[in-house]
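Input: a single structure, listed below in structure tokens.
Per-chain residue numbering starts at 1, and chain names A, B, C and D are given in the order in which the chains are listed.
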Amino acid sequence: TGSPVLMWPGGIRRDHSCSSHRDLERMNMGKSGLRVSCLGLGTWVTFGSQISDEMAENLMAIAYENGVNLFDTAEVYKVYISLVTHCVLFRRSSFVITTKIYWGGQAETERGLSRKHIIEGLRGSLSRLQLDYVDIVFANRNDVNSPMEEIVRAMTFVINQGMAMYWGTSRWSAMEIMEAYSVARQFNLIPPVCEQAEYHYFQRDKVEVQLPELYHKIGQTPSYSDGVPECSRAAMKGYQWLKERVNSEDGRRQLVKIKELHLVADRLGCTAAQLAIAWCLRSEGVSSVLLGVSTTEQLLENLGALRVLSFLFFSSSSYINISIDALLGNKPHSKKELRS
Amino acid sequence: TGSPVLMWPGGIRRDHSCSSHRDLERMNMGKSGLRVSCLGLGTWVTFGSQISDEMAENLMAIAYENGVNLFDTAEVYKVYISLVTHCVLFRRSSFVITTKIYWGGQAETERGLSRKHIIEGLRGSLSRLQLDYVDIVFANRNDVNSPMEEIVRAMTFVINQGMAMYWGTSRWSAMEIMEAYSVARQFNLIPPVCEQAEYHYFQRDKVEVQLPELYHKIGQTPSYSDGVPECSRAAMKGYQWLKERVNSEDGRRQLVKIKELHLVADRLGCTAAQLAIAWCLRSEGVSSVLLGVSTTEQLLENLGALRVLSFLFFSSSSYINISIDALLGNKPHSKKELRS
Amino acid sequence: TGSPVLMWPGGIRRDHSCSSHRDLERMNMGKSGLRVSCLGLGTWVTFGSQISDEMAENLMAIAYENGVNLFDTAEVYKVYISLVTHCVLFRRSSFVITTKIYWGGQAETERGLSRKHIIEGLRGSLSRLQLDYVDIVFANRNDVNSPMEEIVRAMTFVINQGMAMYWGTSRWSAMEIMEAYSVARQFNLIPPVCEQAEYHYFQRDKVEVQLPELYHKIGQTPSYSDGVPECSRAAMKGYQWLKERVNSEDGRRQLVKIKELHLVADRLGCTAAQLAIAWCLRSEGVSSVLLGVSTTEQLLENLGALRVLSFLFFSSSSYINISIDALLGNKPHSKKELRS
Amino acid sequence: TGSPVLMWPGGIRRDHSCSSHRDLERMNMGKSGLRVSCLGLGTWVTFGSQISDEMAENLMAIAYENGVNLFDTAEVYKVYISLVTHCVLFRRSSFVITTKIYWGGQAETERGLSRKHIIEGLRGSLSRLQLDYVDIVFANRNDVNSPMEEIVRAMTFVINQGMAMYWGTSRWSAMEIMEAYSVARQFNLIPPVCEQAEYHYFQRDKVEVQLPELYHKIGQTPSYSDGVPECSRAAMKGYQWLKERVNSEDGRRQLVKIKELHLVADRLGCTAAQLAIAWCLRSEGVSSVLLGVSTTEQLLENLGALRVLSFLFFSSSSYINISIDALLGNKPHSKKELRS
């Protein structure tokens, strides 16, 4: 079965020379100077009420020992990550913790992306996590009721207060990211460094075309403006998305393709989950894929995706890459390609 | 008898889809992303030496249970609001507390809007309220002796120190708000988010014409400048203002109209206070009306205004709206309308 | 004998309507919104090793009771002002404490106006004064070895840290103040609010011509730029300056004039010190004159200068004013006047 | 034998009138207002595991007593400098402590110049040094993986947090310093004040030509932009660099010249190390040379270089200067000189 994956694209300068650390290649998170492992642990999917505290600790320890330095957590879920910080083996400076400002709290003032909720929401998260700061705070979904200037000012405030090192966006459109970036430039505020986006076999347009085009546009603004945000997330969650539409015409067609991809994986000597993760990582702008696992076996299997990546997708024009594109039949084209 | 009301206009995006929370419609406070109930409790009018601590706590608890999340307090009055924060039922993030920098302290350095007084005044309020921060701090009346740059820098300072989330103006002219906004833009400081203004049957021009025109003007400045402040306040205080001029020609004419409005309320099956509050809320730019009550009966009666609003003023061209305009005979016109 | 006086000019909007507070007229300190008494106590001249702690406390208490709300202190002198803060009668927000960053400390890094010395010097002062902040910190003499950008950034830093409310200059040339102002505008830093300058019968040019011309120049820059600094200080210290040159031609001429001024004072029914202080205060741009006294009799006598001011110099073209100008024969002219 | 030396050029205004403090001339560090002794102690070279704690303390005490006020320390080396702060004789404000953000920590997130590593690295240094702040924090080698905006923002953050007074660069190219400076100007952030560069007999181009040209270029930008960074470092470390290439053609040629320089020193009545240090200090842009010594004899000998400087290199066209240039035969020329 496919494992849930999350993905942050954006690391343009994939520095292969630095990839020797404990098996897991390191990349820059979005446009920041922060180096993250290309596989991360998404605690908000992984943990919760489903698994025991003991298992959560086990998973984190194994992930860390295998070179994972990126842990995603969330405002509204039961979190175990504070355990990590008590662990003697882990120095706070040696790993990256991210969290999200969630759109929907209990009271109306605890929702959206008002300055009040961004500040109070992050304060609450830090208190629950028993942390002084997170490395990246994500604005989860844009809030059309909050002016962009208020959002970017509040994010700059929490960074200037030392509550976060960076901020990013999560499930924002290219248009919204562009606005955040412009507002940051207009008022000399801190721009977002990455976007966390859904990305999988059947949802490719944003990560493969829209965000790279956004980057290209911003990259052409005056010198030194390379702090452009660019990320994406793929949530496959054990093909949950697929199960929901399996009865539709589209769903049935996709199911057929999934079965073919299983055969591809078999022939390549890897699992379908490993192939799916490696396929996400092959994309130029992807910094990291967040794993959502609940057993140590699953975790170790998923981490194996990296081994697959190195011999499957060594170049964007590799044989496997082209085969899968042909099999899926949905490779998105940029507007420029369509024109030519 | 009419109840005292206070009013904050400015919530442009009245989002009717979100109105289901505990009976009380939520609106954005001015141009901020902060969602407030359209009726708030104005402690500076309500409390003081007139009512007991017990009654104050009762009123707050009832208001909160009925969906009120906005509580106004003040620098120079005896305040009970700290009681709220000790209440187990209330989370700090679930409601909005505002305060004012008052113009007149005892010593000369404790007056006006100098940087010294803004900072020390707010510090004093927070200490008395036993709070770490208020949500909005209002500059009460403009201080012509303090340069606008100093006022806006000091407000930006208290926000950057985390002592307040936003700042607003109270009883400022449209001209003064415009200057504050321009100074904020010139020096990249934080602009005010709303104006608290007087607004009642016989004082309509500022809220219905001047502030909307100001907003329109600022709204045409370069992109992302929608942080424009816009508010107004109506203090009817049991028709105190009326009693003072009842012997004048104007006063007598207004008294006649008040009596007719009582008849209108009777015919509509609501009280005169409910009609007055609903009439204020019908105005597009109004975010919230502050109630000033001293008994639980009064509070519950006032809260009923919202029920009235929904069937009386469903559109700006409603029959009731037009009737009251005819009765009052003082509907203000914008300069554009007068010209055409 | 003449008493030592210090002077801050700059309060343009002399608001006579607010002058009723405890006998002492209040003015805006330079271009700030801060209201100070037009006579202040200069502890750095007054105190030191010369008078007892008890006398220092007495002087402060008497000054405060008579409406003085401005107390000048200094980095390198023994200070007693902390006593004030322990006094039950005095609220911190009810008076204004200023201090200076002195040019010459023991070590080389403890001199001048480097960022290091401004921050460490002020921290040291606050620690000795047992205060959280001063109201105004003055940069004493400009330091040509420190870039102006560094000075203005450091002053903005201490204000943003809450260590001071405002900053000012002391004994800077109009040219240097202009540069500080321009740098503040260029980098959106906080400009100085006033200049503390020497000002007495025989040193008039800077306070009466140069600083007003500077203000006029800056006043013509784009809108809202009225945060222009303008101040001056007069240190007569019992005619110390005179004693030093009494043997020179100039000195002998000035001594003759001093004697004539004593006669003028006699005829007006006031003391020579009162006349000298009132004469300084008559100048439009002067916010406050700092008194340097060592006995309660001297203090009460000096405070009497204000009574003199009101009937002697009610207008700039008063008879007394013109007489003294004639007697001194050194009225400075602006370049414009000279040209016409 | 030659002693290890480190060098900061940049002090343009060499103020000879202030040179009387305890034998050691004071200069402005780079373009800042900070006055440092022209010889400093480089603890990262001096100490470590090689010498005892007692010797380290001795060296510091002797250096301080002889007028040295500049102490360089480092993030990743064992440091003794905290001992200094416990010393009763030394006030924190009387000396200058610098540290570096090192490129290579253990984990990947502990490397380079990401915001995360700059903040966490400096925090770690301060904790080890038991200091509240350092005077200058250096970015050691530029990190091409971190956007320049992120580096300058992070440096501005640590300065605004009070963790450092200034920031500088170490071993950056003129091009990279130019970019840092431009980014600081573009976003109104704090520019670096100096560069720490290698500088010795056989590595002259950067300090003598490139950095002065950079300064000239930036100096021509609009007024008040004189905060330009300019520094260099010379690490001779007992001719370690020479030993490594002694077998090469170049190495053998340099060895011959070193021997001739020993003869020059003999004839001048000083040691070769003193000549080498004085030769570095003769360069206009050099603020300070960092000494790396391990015995008190070495330290005292090195400090003697200053005595040599005053009679050897009184002017840039001195006889000794010209002789050494002829001997070395490698005087760098600016592009302008080459053209003419």
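The rule is short, and it goes like this: a contact is a pair of C-beta atoms (placed from the backbone, for glycine too) under 8 Å apart; a residue touches a chain by one contact, two chains touch by 3 or more.
Note that the structure is a prediction, hence the values are computed from the model and not measured.
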item	value
Those chains which touch chain B and also touch chain A	none
Rotation in the CA alignment of chain A with chain D, degrees, nearest 5	90
Copies chain C and chain D touch via same or different residues, half shared test	different
Far-end chain from chain D, centres as C-alpha averages	B
Distance between chain centroids, defined by C-alpha means - chain C, chain D (Å)	43
Approximate Å spacing (C-alpha centroids) for the pair chain A, chain C	60
Residue list for chain C, restricted to those that touch at least two other chains	160, 188
Overall pattern in which the protein chains touch one another (line/ring/star/complete/other)	ring
Set of all touching chain pairs, with the criterion as stated earlier	A-B, A-D, B-C, C-D
Interfacial residue positions of chain A with respect to chain B in the complex	105-117, 119-121, 124, 143, 145-151, 153, 157, 160-161, 179, 182-183, 186-188
Residue numbers on chain A that touch chain D, as the complex places them	13, 15, 18, 21, 26, 28, 31-37, 69, 91-96, 135, 159-160, 162, 165-166, 188, 190, 222-227
